[in-house]
Amino acid sequence: MKKTLNLVLASIVVMGLSLNTHARDYIILASTTSTENSGLFESILPKFEEVAGIEVRVVAVGTGQAFELARRGDADSLLVHDTAGEQRFVENGYATERTDVMYNDFVLIGPTNDPASVREAKTAAEAFASIAKAKAAFASRGDDSGTNRAELRLWESAGVELVRDWYRELGSGMGPTLNTAAAMDAYVMSDRATWVAFGNRQNLTLLFEGDDVLFNQYGSLLLSEQRYPHLKHELARQWHSWLISEDGQQAIADFKVNGQQLFFPNAN
Amino acid sequence: MENNAFYVALSLLLSLDSSLIQIVVLSLQVSLMAVSIAAVLGFPLGAAVALWQFPGRGGVIVILNALMGLPPVVAGLMVYLLLSRAGPLGEWGLLFTPGAMVIAQVILVLPILAALSRQKVEEMLGEYREQFVSLGMSRSRMMPTLLWDARFALLTVLLAGFGRASAEVGAVMMVGGNIDGVTRVMTTAIVLETGKGNLPLALGLGIVLLTLVMLINAGAYMIGELSRRRTG
Amino acid sequence: MTSLHTPCLDTSVLLTPPALSFHGVSFSHDEKLLLGPCSFTLDGIGPTLVMGPNGAGKSLLLRLAHGLLSPTQGRVVWSNEGAPRQAMVFQQPVLLRRSALANLTHALAVNNVSRGQRVKLAHEALDRFGLSACRHTPARVLSGGQQQRLALARAWALSPQVLFLDEPTSALDPAAIKAVEAAVLDFHLRGTRIVMTTHDLHQARRLAGDVLFLSGGKVREHTPAQAFFNSPVSREAQAFVAGELVE
């Protein structure tokens, strides 16, 4: 019996030790579910790790939570898509530098039979207004993410008052929101990348795209060295620089799902 | 066929995909580690509450019982605030590591082990008390005897704890961050695949997880039965 | 009478079995007086059989004497300094969920017997009580008679100066009863003070040196066995010995 006990104890110790085998340099990157869910990181990170020898550990959350992680000093680097929020973040001194990295666009998804006739809309504002007018079910992220913030701005510009009987705030990530929308035949706004990579469309289809206001810009931020002296600023800077370098930009352009490019580099 | 979750689960298992193996191994490591630590702390704690009378004992029992229902995401939030750079233990740099996940799961599992072992030990103490006093045993001497004699009941308690640890997602998601290759475990991988709309893959992973948990339970059951037959 | 084979006697112990005195001991629970007040001294060589009808307080008296319960009033006093080494065998033997051998080594470990001595003493005791063959058997799958013998072996290994037995044979068949009674006499011959409860008159006649008779929570008589069985003094004891139903 004692032997078994010793064996168990020994294996626990070994197990504990083996949990900490990552000796390589790494940074924590707080980013958004849209980039993670589309598979972008799986495609570009190995390329960066190969040249820089730095592991990028992605914590994919909503943009709101990503800002919060960075504000508390829990992330070394930030890649999000809420330009106004990012600029405020810099102004408030949390970050020292913000750079455009890439963009994609938002698309309006809905049931194939399109009860609100969104297909016929000329502008995004028109499309949103027609959903409100038809009181057609709309599934909103409702999680203070970049997509959620963009969506709320669009409702505002369409001059629509959001009423709970057709406007549903889910408080979920992009993927779960698409799952829910598919289940209840609701309209939903998604970033194109998540939509293209999404596997459970059921009766949903892309109904509206192409308006300039649906432009979705991603930015990379360097966090304040003064405010967060413990962060790995040197490694984070290497990542930031690579992203906007020719190599990084090319890697982003090379990422395709079903032959379709999902993110468009625009770091100038 | 490819959309059938059982087919996906089977091909996942048969292909021995390296990233799947990594996820499975990490899941087991984190949960077994957490359950081991919780057992080392929780069993003596439960036995102590069973053995000693002290003011506020009823309160402790109620709290332990109530904490068995602690929502994982609350435990995760607590550990996050603790380990966050802005938190009291931020210096340790444990956030978004498997260590943080172990801590969160210990918090989830500990009340289960303590509360249930308290109950088992107290039942057994009722049966043994007079003999123990007759043998002149102190309370602290009774503790190891009771814990050892309750070993079969405690094995079941251990499995309940392991079930809770391996099934929860809220806490490990929050403090681990679901980082690919570092803190991605079965449950967070299932959430991710669901988010991508890969429902068959998500369900397939779920079946793999269920299979593992069943294997561990079957193993523990057999060990328990064998030694029960041997030592009574 | 049972034929007594002579065990190896430790005469130094035999000569001085510690005496036990109750000084006005009573025990109440929830304001209800369950036993006493009673005063007596057990200083003969015994064995002392505690007798009386059900609910007379026999088990209570044993537990107070052994220290499992504390008296509400009065004192339990031993003749030597502090309490002597003592053990108790219960009606339902309380055995650990371990092998027969482990039950003994555990009791010895608790009593600070060195690791090397434990196994030796345990094997000796198992041998003496005819349990060698089942030393690796889980204690709880032994027969009722074997379990009680194991409880006696455990007490034996601890070589107590005083042994309390609470209705040790009430759940056993005749063969097992015989083995237990022989064991009790072995303890007696080793110089252990025996204090045992029973409601079985025949058993008391076979074993008793003196009898402590209880009824209604009071000690009615404490007399040598011969005297008790031939000419009980109290009315309750007369009725009890005559085999009447005594309340």
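A, B and C label the chains in the order they appear, each numbered from 1.
Basically, contacts are C-beta pairs under 8 Å (C-beta built on N, C-alpha and C of every residue); 3 or more make two chains touch, one makes a residue touch a chain.
No experiment lies behind these values; they were computed from the predicted model shown.
Student: Any idea which two chains share the most contacting C-beta pairs?
Tutor: So the chains sharing the most C-beta contacts are A-B.
Student: Which chain is most remote from chain B in terms of Cα centres?
Tutor: Of all the other chains, the one whose centre lies farthest from chain B is C.
Student: Measuring centre to centre with CA averages, how many angstrom lie between chain A and chain C?
Tutor: Each chain reduced to its C-alpha mean, chain A and chain C end up 78 Å apart.
Student: Please report how many Å separate the Cα centroid of chain B from that of chain C, as a whole number.
Tutor: 47
Student: Report the inter-centroid distance (CA atoms only) between chain A and chain B in whole Å.
Tutor: The separation of the two C-alpha centroids amounts to 32 Å.
Student: Indicate the residues of chain B shared as contacts by at least two other chains.
Tutor: none
Student: How about chain B: which of its residues touch chain A in the complex?
Tutor: So the residues of chain B in touch with chain A come to 29-30, 32-33, 36, 84-87, 90, 95-99, 102, 177-180, 182-183, 192, 194-199.
Student: Which part of chain B faces chain C closely enough to touch in the complex?
Tutor: 127-128, 130-131, 133-137, 141, 145, 148-149, 151-152, 230-232
Student: Residues of chain C touching chain B in their complex?
Tutor: So the residues of chain C touching chain B come out as 63, 66-68, 86-88, 90, 94, 96-99, 102, 106-107, 110-111, 137-141, 158.
Student: Show which residues of chain A lie in contact with chain B when the two form their complex.
Tutor: Per the stated touch rule, the residues are 12, 15-16, 18-20, 22, 28, 33, 36-37, 39, 41-42, 57-60, 72-74, 173-176, 178-179, 182, 197-201, 228, 230.
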